[in-house]
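Mind having a look at this structure? Questions to follow.
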Amino acid sequence: MSADQRFTQVAEQLGYCFDGEIKIGGNYVPLLRHDDEVYISGQIPRVGDTVVVTGRVGEDVDLARAQLAAKIGAMRALALLQRSLGSLDQVRRILRISVYVHCSADFTQHSEVADGASEVLYQVLGELGAHTRTSVGAYQLPKNASVELDLVAAVNPQV
Amino acid sequence: MSADQRFTQVAEQLGYCFDGEIKIGGNYVPLLRHDDEVYISGQIPRVGDTVVVTGRVGEDVDLARAQLAAKIGAMRALALLQRSLGSLDQVRRILRISVYVHCSADFTQHSEVADGASEVLYQVLGELGAHTRTSVGAYQLPKNASVELDLVAAVNPQV
Amino acid sequence: MSADQRFTQVAEQLGYCFDGEIKIGGNYVPLLRHDDEVYISGQIPRVGDTVVVTGRVGEDVDLARAQLAAKIGAMRALALLQRSLGSLDQVRRILRISVYVHCSADFTQHSEVADGASEVLYQVLGELGAHTRTSVGAYQLPKNASVELDLVAAVNPQV
């Protein structure tokens, strides 16, 4: 099965569609390629027009919902890579993800939240999805999102 | 108009001078070049010896002041690039900015704050200033600054 | 004295051993090499099974303890580099560290905390350890750690 087929499979499992336009405002871009590296802007768990998981993890949002938020963020990043590269089979490696968890004062399971994102990357990309990771607790996030993540990937050289 | 002339123009519009020494302590550097990438250390809205915008955004500081803080941080980053490269026309692309907003518990306009930085980068560098971006809410920042940002840029090869 | 000897010396000064296995869960890796860059996952001040410095800096933890936490994080990152490269003499440059300080609402000495990490990098790597740096205040961190840091390094090409 190709990485693109696995992407579609994970999207179906989550029950969300990632085909829509990635909304973006301001003078920045959702994705940028420099040589064989691709940078992805911070992704919140938005599907279409709706931020699906909002609120403070450990207070308004439990671990399972927070992991879902991380999964959606990772899927959005993959959707951007797919659209830009033509196929996720062009991804050579996910180099780094940073996962920001909008959490309560005593919530300490940031790594477990980030596991949601790491799981999706592994499901879709296999060994190539294994990445370095930093997960921290943020005081707030854009649009009251529960989780935000950004990503750097290495991709195949352009022919 | 060159990028350097636009930089001077934006500095005049903001009413600040970015010629002074960039203060730095500790065993680290404000800017570092590796091949054709330049990394810039986290910049707070300092002008000369003064941190111009301090306090919690959404509580002590309104959106417009926070955007000013982001603009100053972006100008400081550009000033460092200019000094290091000789001219901002050597910048090929801004690859990534991370914008940390020292905010109140319910402030959710981090992207709008970051727009201040993105606007400055676009004003000075045009299309080459379009970048990927992550904006998050920090609980505090160095010296009680309202905004901090760091940056990675791609630059022309050294001759 | 080689960088590896200086690493051992700093470990002895701190009174900790960094030989043990780096514990990691989930589908991610502690370290990843892409061409001549090495990315290191977020490091908390863990030694063996114990997170040595936990709690909120400025409330439960004073500046000196927080600096110790930053030093341990930096030593863990160096231990990972040493194990992966065979020797710390293969490090060409530390490009970037991001230092997250789990702090109180009015703690503003994040840079001073990060100085602990910068000092260790300089002690072990000398001039090659001078890096760009971003330090921010996090609301919480994994396992209630007081400090977390991640790192990108440039290393010698593989023969």
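As written, the chain order gives the labels A, B and C, with residue 1 at the start of each chain.
Keep in mind that, in the parts below, contacts are C-beta pairs under 8 Å (C-beta built on N, C-alpha and C of every residue); 3 or more make two chains touch, one makes a residue touch a chain.
A quick note: this is a predicted structure, and the numbers were derived from the prediction, not measured.
Of all residue numbers that take part in the contact between chain A and chain C, under half occur on both sides, making this a different-residue interface. Rotation angle relating chain A to chain B: 120°, from a CA superposition, given to the nearest 5.
Rounded to whole angstrom, the centroid-to-centroid distance between chain A and chain C, based on C-alpha atoms, equals 25 Å. The set of chain A residues that touch two or more partner chains comprises 98, 138-139.
Touching chain A in their complex are the following residues of chain C: 25-32, 34, 39-42, 98, 100, 102, 138-144, 148, 150.
Put simply, chain A touches chain C in their complex at residues 37, 93, 95-98, 103-111, 114-115, 118-119, 121-122, 129-139, 154.
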